[in-house]
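These are the structures, in structure tokens.
In what follows, chain A forms one complex with chain B and a second complex with chain C.
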Partner chain A sequence: MKHSFIDRYSDLDSPVHRIDSRVKLLLVFLAIITVVSEPQARLFPFAFYGGLILVLILMSRLPLVFVLKRFMLLSPFILLAALFYPVSLLISKEAQLASIRDEPFRVALSIFCKAGLSILLLIWLISTEKFHNLLIGMRKLRMPRLIGIISALMYRYIFIFGDEALKTTRARESRTPGKLKMNKVKVYSNQMAMIFLRSWERSVMIYQSMLSRGFSGELPAMQRMAINRNDMLFFVSFVLGLLAIRFFVDPLVTGF
Partner chain B sequence: MDVYGSLINRLLLMHIADGIIDLRISIAANVVSVALIYVAGRKVAPDEIPKMGVTGAALFVASLVHIPFAGTSIHPGLLGIAGIILGKRAFPVIFTLLLFQSLVFQHGGLLSVGVNSLNMGAGAFVAWLIWRQRFIPEYLRAALAGFIGIMVPALLMAVEFHLSDYGRGIFYLLSVYVVAAALEGFLTLFVVKFFRKTKPGILSRTWKSHDD
Partner chain C sequence: MAAAIEIRDLGFSYTPGNPVLENINLDIEAGEKFGIIGPMGSGKSTLLLQLNGILRGSGTVRIGGTILNDKTLGLIRRRLGLVFQNPDDQLFNPTVEEDVAFGPLNFGYSPEEVTARVGEALEAMKLAGFEKSLSHHLSMGERKRVALATVLAAKPEVIAFDEPFSSLDPSMLMQLLDIINGLEATLVIVSQSLLPLVSCCRRLALLNNGGIVAVGPVKDILRDDELLRANGLDLGYYKKIYGELF
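Here is the complex of A and B:
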């Protein structure tokens, strides 16, 4: 089975795709912090952040339909989380229904914008860089060594076990056709236990093969990374754009 | 899977996205998480590393098996099982899993990886503590570990939402989790029974004896 959806657009050729993964990681991290640090109930700056992210997406030559589809898939979840705010206030009787219409909904919209823009940034990041390169980038940025190795292994085996889960699901369904009358939870638990057992046995074999290839607790990176002048220029201009929106888009002046 | 089921799962699995809770809480949680990764990852033997990575992958995949329940379907959290199998090593695995999910599937958020890890890691840790209480019958321990593995993160999440000015209403929603946690308790019980029958070494306290 192929799982090409992760690195589907990371092979495109664009100026953004050629930028060092460390620069993109730092950029996304800074952008998320900047967006999330906006005061609650300020809505106007989010349009500017959205514009900046749109520029990034266009520069990357990513199909807008793909980005929008991915965003739409995730938006109900963040909408639900944003609506928690007025609902929670209403349940705890800290606000009346009449007042819920105004300020709490504004805050909820602000929460939705923050989460939505953060998701767009993550979609952009994973679509413009191979996951493997992101891992190398994170390791170069001093991510704990243990996390780096676990991530690399997880990335390699998550899809193999995905296929394993499909096989066990097929086996379960063939043994229990139609509606389950017996203990439903037990049947599903056994399937999960089986996935664990198979993975456990495989991990022993993986370790033995890793040892035979000279594994000593470190996964070496074959690729050499270098940050050039274009990368720096891209980083500085984007950060300046973020700072300009954060500190110079005054909601009082714009009237929002 | 149906959208209704997806929303319920999202609510139950407690993946907080970026921007949902206070930025200071997210940053503080990231700092604490990094410290905990070093503490939980101390003296890791080389043969433990592939097990952590591969078990993390299996944890993710197994949690995607959806169980039909009350007209919809529920994805288990499997935090109790993570605590039982991985013990104190569960935290780095959960952190990595959440980082992976946030980058690859945009589930949760990059900045909120720390807070999500602390919530779920605490669930797995408490489950492990319960699992170690040998005076309690094994199957009761397993069921309790599964139940607590969901309730602890739910409670922590409610506290974080409360600290982010969401009001006290979020605590009332905890009752929703009790049903999911009870289901998780039964699930953990059956998984442990299965392990006990087929490969008891996986339930032992040290990983060294697991390759039996």
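Here is the complex of A and C:
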């Protein structure tokens, strides 16, 4: 199974890929906070945020088609969230906010933009940094140790789960000439149960091998991290860009 | 000089009333290459997991003279490296380098020291240049060698192998035997494949139903057809084929 399924393109070499993972994490965090905190009445700034993210993606040399595909994969969920929220408010007897009652489309669009831009930022983040480095960065930024370990193990176990799913599917298909003639629900539920059990057993073995090599709850890093002048320059430029959109775009473009 | 491994009255059960290991007593000398054989389900792998405290039973285990307990667990795991049967269970990092570095980093060595150890271990396993390779894309033979490198990088005094000879073609088997024979550490090898043990071990322990049935020189144990048959191991088939072929 391809191990780069999640952080695909994180091996690329671009100025953005070379930026310290902590800087990228902080930028994404700040950008999401800025985007999400935009008032619902302001829609035009989202185009500017989108432009800024596009610049990031281009600087990172990520294929736009790849980013778009990843985004499309998640867009139905964003769309549903965007539609359900105003609809639920509209049909609710407790709906008191006149602005929402009056402008459901604007609210839906605002939610879609906020969620969509946040997703794009996350796609950019995991495509420009190896997952392991992100975890190291998060730990350096004082993220709770337990969250780091859980994330690291989850990342690893996703592949175990995938491996076992692949093996059991091959075993099933190799004995299924043409269409499945048995009770599909039973076959698939048996397979799911087997995948779970086998993944569980393998996870136990992996944990034992980690313990054997001194694992005591820490995931130590081999490389030493250092924030250099380029990292700082990148960080400051991006934050200035965010602030400019947040505080200066609206007066320029009024009425939308 | 203290024995590399000293086991006294070891007992263990996964569920109460069903002992997997009973009254195990064993001494393995420093620098010795020691094999453990036995039929499936005899407790061989469970015994290996006792050696560095992954599983803990009754009785005592000493590694290099140090008794295994909560306080010495870190030291014991530094002294005794365990190579699992399935390399996929051992390799859980994306790249070979990260996996080989995992142990030394956990044992607190500096990044410079870790880099040197990773290089040495990969060199010893003839895997120089594989640092950035993805473990999951390697062949079984290569993964087995990476798994061994992950242990070698910590430079343990004792290395315990669980079924190292399974799933290997003859040339890979020869390669692994060469590597094993070249190791200076004390080795404990659990194996269902009896013949490779002849070329790398001096003594064997025969385990059955959770107890040690016999301990002795490899050839004495493997020549005792009656003992082997009585304990679920039979070399008669191999002898017959060998007789027909040669």
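In this section, the second predicted complex is superposed on the first by the 197 of 256 C-alpha atoms of A that agree within 3 Å, B and C clash if a C-alpha of one lies under 4 Å from a C-alpha of the other, contacts with A are read in each partner's own complex, and residues count from 1 in each chain.
Criterion: a residue touches a chain if its C-beta (ideal position, glycine included) is under 8 Å from a C-beta of that chain, and two chains touch if they have at least 3 such contacts.
Note that the coordinates shown come from a computational prediction; the quantities given were computed from them, not determined experimentally.
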item	value
Chain B versus chain C as contact partner of A:V55, first or second or both or neither	neither
Which superposed partner A:K130 touches (first chain B, second chain C, both, neither)	second
First, second, both or neither for A:Q191, with chain B first and chain C second	first
First (chain B), second (chain C), both or neither touched by A:M232	neither
Touched partner set for A:G214, first chain B, second chain C, both or neither	second
Partner chain in contact with A:L146 - chain B first, chain C second, else both or neither	first
Touching partner for A:A115 - first (chain B), second (chain C), both, neither	first
Between chain B and chain C, more extensive residue contact with chain A	B
Partner chain(s) touched by A:I78 [first = chain B, second = chain C, both, neither]	first
Chain B versus chain C as contact partner of A:A171, first or second or both or neither	neither
Footprint overlap on chain A, where chain B in one structure and chain C in the other make contact	131, 202, 206, 210, 215-216
Of all residues in chain A, those that touch chain C in their complex	1-4, 130-132, 156, 159, 163, 202, 205-206, 208-216, 218, 220-224
Footprint of chain A on chain C - complex, ascending	49, 52, 54, 74, 77-78, 81-82, 84, 86, 88-90, 92-94, 97-98, 101-103, 105-107, 111, 114-115, 134-137, 150-151, 154
Touching residues on chain B, where the partner in the complex is chain A	3, 6-7, 10-11, 15-20, 23, 26, 34, 37-38, 41, 44, 46-47, 49-58, 60-62, 64-65, 67-68, 76, 78, 81, 85, 92-93, 95-97, 99-100, 102-104, 106-107, 109-111, 161, 166-173, 183, 186-191, 194-195, 198-199, 202, 210-211
Footprint of chain B on chain A - complex, ascending	6, 28-29, 32-33, 35-37, 70, 74, 76-78, 80-82, 84-85, 87-92, 94-95, 111, 113-115, 117-119, 122-123, 125-126, 131, 134, 144, 146-147, 149-155, 157-158, 160-162, 164-165, 169, 180, 184-186, 188-200, 202-204, 206-207, 210, 215-217
